[in-house]
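Pasting the structures in now, so scroll down.
Shared between the two complexes below is chain A, which has chain B as its partner in the first and chain C in the second.
Moving on to the complex of A and B:
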């Protein structure tokens, strides 16, 4: 039934895939970003094998030791090895960042698609909710959500996911609005395809590029924001080796043992740099109009 | 223009109403009500029922919302459960401090961001451009709470150049005019207060403004690069206009337009960042009040802080939109 629609739908030729791969290899941002992320994912995946000590076992004879061969990043006030905690922290940061981003993406795609495709009252209702959510400074909205759900790492993750939802909804709505008017979508409707099928087969595949770019760019921010909530005492609780809560502890020992706060912060920085570089590189690759806006 | 501003102001009403609904009903989802928190373990069931009646908590929830809304319009958010002071008084003490910090951070971000962006655009693909953009990448990626800790460690702890947190030297008193110690010090001619509060303001403003500075630098570089390649700039150069004048007079004004929008977006970031910055630097502003109140379940203050922060945020964005339309004659007030 949808043959004419499929015939009109844009197809990605094999040549463009080869072209994209060439661009990918030529993009230094993307390559460096990927290398950084491979390192971080490797640390997270092999934390158990790489970590010389347990991230939570307390060794009171090793309290506040500066970086040395025995403890690469030094030890904290409970004698825990900071290098090991940073490695396990990578696992938590990646899982939390990706899930929070996934929540935002899922909710944003649903809201944005409904608003953009159906228009009218659905669009007005969704966009008013989005406007209200965007009226909150990010962290304050996240704090309210955590206050309602209760402080924990899971709830911090949900809160950050909710906070980033409006941004995805706006981007997806804009992209869907543009695609909705295309002939192949009209053709699909004309031959009797129902809305769910049109959305799943014709609209969503064509708005994937901005969603992928946005998702990659926001992972870094979701990691930072979740760490921020933990830093404020609204996320991970001790003795979880989470970078934000490690920084909060390190603050108290800033003058006597600066390494406690230095290395978790450095870990956040490296991870976020990786995501930002990959996000910018993907944006250049998938949306040539924006090339050069990044680094 | 006035009509445009008036219409935009009217459009803000449903948004702020939505914020008040979200905040009010959000707080109602939290287990335990204000009466229980006020009484603690001391009161009997009869005391609790009496207090609930006094506070109107035995009324239907929509009546409670309407009372909350009417109170909010008068600036009455109830009494702080933590300090027993009116919530609006607590907010009134903290708000000017955050405004001072945010404005200082914004000034820092705009001045340095523009300078770095324009400089990088004038030397594209040079070592300096690459260095500036690596710095920008790091600036965008650094969490504000880590930047704050590092600044405190280096400039407060190791070098000892600037104070280790706080808003003003301990024990120092000043006559409140605006509530912003730097401004009050200058207005009343109390240079000791002005100097002390300015010294305390430098590190938090830099920490808070660093991410925005990096974002502005990045945006101004790319817009400057575009503008510098346009025909009218080439014409100006061909007519023999000096490079400095081409950049400052011809290119910068047009390159500034997208940056102005970006500055509006940064305001939300600054208000969010203020929560973390004020916590690190022990500054008694709105952000610190928000986190202290959330942790202490001081809901009247939380509601007040969130509503006022949202109102400031949307009004500031409106201001930026108006400024944008003013700067670009192609944009009409429609």
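Moving on to the complex of A and C:
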């Protein structure tokens, strides 16, 4: 063959059409989810301006007040304003959710790419570890990690990040396996490009869409799991206004002051639904093949 | 017919045959209508052999199955007759002679007399006994607390004088001995049962008490049936079921629906709910308890007594006790006011943040400091809202005088290990429920320095060390006259207040709830379900 090899190695195909504004607007899931996220991010960003009270000041004379004009969501057993605590809680939930998700994504992409691209022993080793991790219930695995690192919000984020790594690794490996066999990758190798370059220029850009979809969908889960850890006393330490720990303390007042647990619970619900709607919408847009496949 | 179909047919026939049996069983039950009392407890028992457990839930159940040599009188922590009808104490306070009740048998038919009681107590004091409790691994026991231990030569000597007379001789006078004997942890087990179950009858308990053990289903329930021949009179209910219900809200709903008749624990947030319901009754009694925040007396800023006093001034204990504890009594010293030895002249540190700041400045911390606090989540008898909530409330107040507190929560087992066995620095939620109704059980256990061992006693987790205080505690143990002992304890309490080893928070009330038709129920300061033979259902 005399055809220059370079010509056979096209740049990574762009999916500009997939992200067109028109398609975006036509997806109601995406729009609603996006609106919810804007609201949550707004609450988090402007918590200081929006909150009528300090989230941590205890006022025993205002104890266990039901929702009213003065206290929109009522007060807890320490007389703290639950509305203010929910607003500040959004900040923590977002930061924690996104960072934990980021950790999972970073680790998962590295492991998945190594396994998928290099195959052989590396693949076998990585994927067996991943299988073992997947065999554990998420929360149990996270609790083990926190037990080793010590209970704190930072360690909870790390724990959740580690727990969700296998899922990213699996998805990325699968995508990389498919891309690896494509002619343009083969061609790049034929013209002498080394593995790092091939991965960075040809493989990763092509597996980006499943990663984005996965990342968006997982944020919801990481928020719930971190709240779960805090609920068990393994995450945020008091008086941090964290939704999970608010739920935990509110639990003992379910019969007498249900608003203490209800509003942080609703906050978690709304945020997670927001992320999931956006994730679903993005999946439909970017990667129709993944449709209907639950994580 | 294939094998599978045939099997199905067989099972159908068997089931049909069983139906009439089931119906007749139901019919019988309705005819007799046994009076069953259900008591909801928050956690399962860990064993029902009195000498080998220390856990409250085990105690609740054992207090219906066992008698001790002496028992607490109904509704009090005063010692009265038990298996012994009467007793004498020698003038030097070292010899205790008990006259045992005639004609009593254990639930398994073994006669109760000086020989059988001695055989059971022998496990507590004789290292050569094959079932020696203190030599066993993995058991919690009050045996050395009550009888002393053979290891350090403080153990009591026991003699069977005759069939109905039992004598204990102590190496030195120990006034709390008689009250300790009455504890549920010194209930007398049938020696035949101990033998039958190879030293461990903890899941097959056999006592002499008002109720006989029937069955225990792990994490579900324990059933005991009335002992018709009980020496104290036949119980007025036929059966008691201790139902394990971990969630407090669930327990409350079950009480409201009459699925249970007594709640062993009621969180303060539910007091109003019970009071507002005419079908229910709330029982409260000043508790034989103390609750506070322990400070590391020998490490960090807390080495300075002024800092420890400042912490006591900085926290609004009255607000916390009213707001979170449903009105507990604010603490001022090492024993609750229901116990003799309480010093009435000593009053709680008032809430005075300015004074706290001034003391901190004098101690060299004008801008405050940062410290750690260890907490646990679960409620305790002396702390019905759990350690984490109290920690959070205290943290809020200390922040106002410039002290930043970082809270770490531990699981209960890990927590105990941490505060008892490590040189921790900072603060930790501490509390105590009285074991035997003697002030020594508070002041000695919680605040005494063991001079012989050169370290704090196990539960003196703040590592409080004041020789003047220790001298009074030792002295009070050697006198038998209660009035004299009370005086010594009052002096010790004054010293303790000034030393401020803890932030003294409160003496929690003991609170239980029942259906209104439960009659004859009496709270006991020791929290156990003593004298349940007196309880009836109307």
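Quick note on the criterion: the second predicted complex is superposed on the first by the 269 of 295 C-alpha atoms of A that agree within 3 Å, B and C clash if a C-alpha of one lies under 4 Å from a C-alpha of the other, contacts with A are read in each partner's own complex, and residues count from 1 in each chain.
Methods note: a contact is a pair of C-beta atoms (placed from the backbone, for glycine too) under 8 Å apart; a residue touches a chain by one contact, two chains touch by 3 or more.
Just so you know, these numbers come straight off a predicted model, no measurement behind them.
Chemist: Looking at chain A, which partner touches more of its residues: chain C or chain B?
Modeler: So, of the two partners, B touches more residues of chain A.
Chemist: Let me test your reading of the model: by the given contact rule, A:239 touches which partner, first (chain B), second (chain C), both or neither?
Modeler: It touches chain C, and chain B stays clear.
Chemist: Going by the contact rule set out at the top, does A:220 touch chain B (first), chain C (second), both, or neither?
Modeler: Touch partner of A:220: chain B, not chain C.
Chemist: Taking the superposition as given, does A:63 touch the first partner, chain B, the second, chain C, both, or neither?
Modeler: Only chain C is touched by A:63; chain B is not.
Chemist: Between chain B (first) and chain C (second), which, if any, makes contact with A:78: first, second, both or neither?
Modeler: second
Chemist: Does chain B (first) or chain C (second) touch A:254, or do both, or does neither?
Modeler: A:254 sits against chain B and chain C alike.
Chemist: Could you look at A:135 and tell me whether it touches chain B, chain C, both or neither (first, second, both, neither)?
Modeler: First partner only.
Chemist: If we overlay the two complexes on their shared chain A, which of chain B and chain C does A:34 touch? Say first, second, both or neither.
Modeler: neither
Chemist: What residues on chain A does chain C touch that chain B touches too?
Modeler: Shared contact residues on chain A: 233, 251, 254-255.
Chemist: Could you pull out which chain A residues touch chain B in their complex?
Modeler: Chain A reaches chain B through residues 128-129, 131-133, 135-140, 143-148, 220, 224, 227-228, 231-234, 244, 247, 250-251, 254-255, 258, 261-262, 265, 268-269, 272-273, 276-277, 292-295.
Chemist: Which of the residues in chain B end up touching chain A in this complex?
Modeler: That would be residues 14-16, 18-19, 22-23, 26-27, 29-30, 133-134, 136-138, 140-146, 149-150, 152-153, 157, 218-219, 222, 225, 268-269, 271-273, 275-276, 279-280, 290-291, 294-295, 297, 302, 305-306, 309-310, 313-314 of chain B.
Chemist: Under the definition above, what is the set of chain A residues touching chain C in their complex?
Modeler: Touching chain C: residues 56-58, 60, 63-64, 77-79, 150-151, 233, 237-239, 249, 251-257 of chain A.
Chemist: Name, in rising order, each residue of chain C that touches chain A in their complex.
Modeler: 248-249, 252-253, 267, 269-270, 272-273, 316, 319-320, 322-324, 377, 385, 388-389, 391-393, 395-397, 406-409
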